[in-house]
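Presented below are the structures under discussion, each in the form of structure tokens.
One chain, chain A, links the two complexes that follow: it is found with chain B in the first and with chain C in the second.
After this line comes the complex of A and B, so read on.
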């Protein structure tokens, strides 16, 4: 790979993460904004009837509007009204009713942890994030962060910064003897540093919003400690080194998660008389119908360690039938020696709790067949077919169950 | 949004100093063997909202989206398309703005067309990456489900149009001029487009045309006429009529 090729690869790799990314740890424990605001007199973009101010902003809005046309009609948008209303209520509580109307929220069904907000007010909340945050306050921290980007028109700031820096790079490319290349690296490093500075600002803005909305600011760093623990769990199961501290380095668009934990904790501690609301019960209730499908998405990621970690965190010693089902599916899909027996055990525990989920029988049947108990397995599959004769996989399961 | 910006910047900034061969300088069209419209009777073509993007190319090679230019270009291209098809006595129907399930269906087919068209462009149209199994054949399809689009919008054929322009800024031209002195090739401007026609009864792709260096300023009426003429290079003709390709092959 050429130097240029490596730079391209690194740029593109760094470009692929939005809420989560990591770089080298540096001690920035007092986060003060180093960045200039755009036109200080301009109205904030959440003002009713706000229109983009100049050519750059209009262009970015147009791109965001085009993207929103596609997102709106996407099959990945979750249309569950109750869930959408709940997320909107958390956003409104966090940033305030005067601001939150400016956001159009799209819940996107994808098992990765992220959220974003475009300059035109399109906010995306990924279901992988909903599966990972544990309470309303953690969700508020993320929504507040994204709204902070929107409020400060960060896409526009980033665009202008990149425009001037890539322009400088073009001229520097003519300098001979590698001098230009080194200078180009310095410039592009500056662009990423600018991005990280904006992310720090947005983190702190999110903290401000959630505190004002009555949520405990302690939840903000917890989002990242949980994420780091999950990355550790993934690495252990894959017998790799944890990636929690390396995700881009020089080319990181976001501060390292360790650094985020550090400055968010520090800033949260500095808030006098902080609110104490976490809203865990409310969050679990709002997500009740969604755990099963979202866990199912997660199981299919083939990330055994991370998924096992998530399931255990969700269970907290209270293994419900749905979590047991998910754990059974996880072990059955891995299929390492002993996994089919363990999976069968989890399905049986769920059945013992009185669950009537038909898929428990399917999982049990398939696990038993693979574990060397074909007779019992076929019987469980027949039970599944009796409970759900019109299942999409009925024909395949009937074949495995021995015909008819 | 932010990560897209980085990707754009990366793509743009790295053009400088890239070998000149990287510029795929060519245009090419291909149609299903022997395909013609019926000699008589109406030919109704359903047109999907043209996918248009117009901006300027910064000194560093980034595209700076321009909302006004894009809106103008979409309008001009749509009108130019109507003029062009009128002269062919084909009837054009514009797909209306859709809501709900219909919008989702259209979105699916737009994406499917994009995927299929990209495959044709990469593996059939241009030399270098052609698939041996597709050398002689032109047999791509969106599947019979595409007929659902005809049910919604009406029409026998569906026409997709993509046009992407990034006009070189003064800064970019200056970089090019200095690059020339140093012997470093720097490209100015991006002008690409492609169009495809799908039989909405069968889902078959009957014609496609792609051009990596398009002419015509899409921000003006006569420029849009020229662009549409180039985009419709080789567009199927009525049975017995002269193929359109022969008429417009002198476009450049």
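After this line comes the complex of A and C, so read on.
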């Protein structure tokens, strides 16, 4: 640990990134830690020209500004203008034009499912989230949730609560908004949390926002039912118990995902004349150029069950050549008995659809060689080389194909 | 926490057990040294530092200026069903395993997945794969580049590998693309050329 130090690491456990299903415990769960209300009459933080009101908030903003400078320069920021504009349009539709200008959105290339919004307006949307939401309404639910934390100034409230317990020491690096947090997030396996009450409030606020923006509130609980199903799929393939209900011990601040599904479903059902827009077609169109690289990121995580689940939910009943290719790569990289034949089958189905992706031949060749059909495999590799003579692995493939 | 490649594992160990992990052994120049508890020997031209904390049951890491500036990994005698390096989180982040029937591209793919998982990065690309020798053994070499979160330094890497008797032997070098990679690569290639196994 370099920059943040040991105390900061401990505080991280109770801080902010907020979407993940399970997270470390914070004292905020205990009855004695009722969070302070904010100053009555304080303007909402999205008010144009809003400035932090006191030294606590100023300190948090300073830290968030510093984190944002790092994020802005990060190699992991996705600069695709169309994608950024699309996400912004969904946010604006969700929270309204008067509010959304306060957010500066950064799309971060990382395969885990998360989003966050810092008190200064920096919003991070991770590509692992974009791979997992199925439509615009689900994205709206998450963006609305994060904006809810921002609007309620939850970081400040949480910070004051912590400070009252830990004293001035808490000033040391509180905010976990750097890109580097991703590493720690992944290591710990959870996220850094607001209190349960804040999470529930933000969920309900998100539901309110999305409904007002014209999105079906039914999409909100679906985000969580999907995530639970993915966790089940991961566990089954790894022959483990599912982590979906893991919500105790060190990882305990979020309402667990089952609880979230329950109260979000209940709240959604209570909305009279709810809008019906899901925006699945629009979402798929906006993501068109990104499926392949994001699926590739996922395939390389060595999570067979979760990835197979994601591919199947992306496909529904329509396995495109792109998805078949990814499925072939997934089976080929697992390499369990029968996987190479299955992989070859997926590549062939994609070729039958008329796809000209050279990598289909590459995958097919490698799968066939390992499935015990070296002749057919070599032929497929020769086809690959003919289509892509300058491939980075051309010389290696030429040797495998029979040496030229 | 600054991390490079496989030394990320050693770094994790440093946090947990700083005293135990902070030991180094100097690898003297022009002296053949057996690596990773195997029969593979290499002969450096200049002094290197071997971290006494191994990065895997059959893997060790060397550096000259610290792992953030150059890292030379030896993975030797990896058998079927074994990962390249120690699995720190078998349950949630299992690493891909070697199989004796893997083709060179499969091994490169396993290496890439291992690094992506260990380093939590999606910015990792293979730049070249081609036949080459590891010492006198037929094998292959590959080049790659990557960035690690919270570090943001663009790094390059080059590895040489061969499967001998159904076991995998690999030497891997990585360093920042600016200055350090170029400074070290000639000696590293000589080490790879001169490996005996």
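Following the convention adopted for this analysis, the second predicted complex is superposed on the first by the 336 of 404 C-alpha atoms of A that agree within 3 Å, B and C clash if a C-alpha of one lies under 4 Å from a C-alpha of the other, contacts with A are read in each partner's own complex, and residues count from 1 in each chain.
The rule is short, and it goes like this: a residue touches a chain if its C-beta (ideal position, glycine included) is under 8 Å from a C-beta of that chain, and two chains touch if they have at least 3 such contacts.
Fair warning: this is a prediction, and the values are worked out from it, not measured in the lab.
By the touch criterion stated above, A:73 is placed in contact with chain B and with chain C alike.
With both structures placed on the common chain, the touch criterion links A:159 to chain B but leaves chain C unconnected. Touch criterion met: A:119 reaches chain B, while chain C stays clear of it. Legend: residue contacts after superposition of the two complexes on their common chain; A:370 is shown touching chain C, with no touch to chain B. Of the two partner chains, chain B is the only one touched by A:195; chain C is not. Touch counts on chain A: comparing chain C and chain B, the chain ahead is B. Contacts of A:256 after superposition: neither chain B nor chain C is touched.
Across the superposed pair, chain B and chain C both touch chain A at residues 73-75.
Of all the residues in chain B, the ones that touch chain A in their complex are 1-7, 9-10, 12-14, 16-18, 53, 55, 58-62, 64-68, 70-71, 98, 103-104, 106-108, 171, 175, 178-179, 182, 184, 186.
Partner chain B is touched in their complex by these residues of chain A: 4, 7-8, 11-12, 14-18, 52, 55-56, 58-64, 66, 70, 72-75, 116-119, 149, 154-155, 158-159, 162-163, 165-171, 173-174, 188, 191, 195, 253. Listing the residues of chain C that touch chain A in their complex gives 1-3, 15, 89, 91-96, 99, 101-106, 108-110, 112-113, 116-117, 119-123, 126-131, 140, 147-152, 154.
Per the touch definition, chain A reaches chain C in the complex via residues 1-2, 73-76, 109-111, 127, 178-184, 186-187, 189, 238, 240, 243, 297, 300-302, 333, 335, 362, 366, 369-370, 392-393, 395-397, 399-400.
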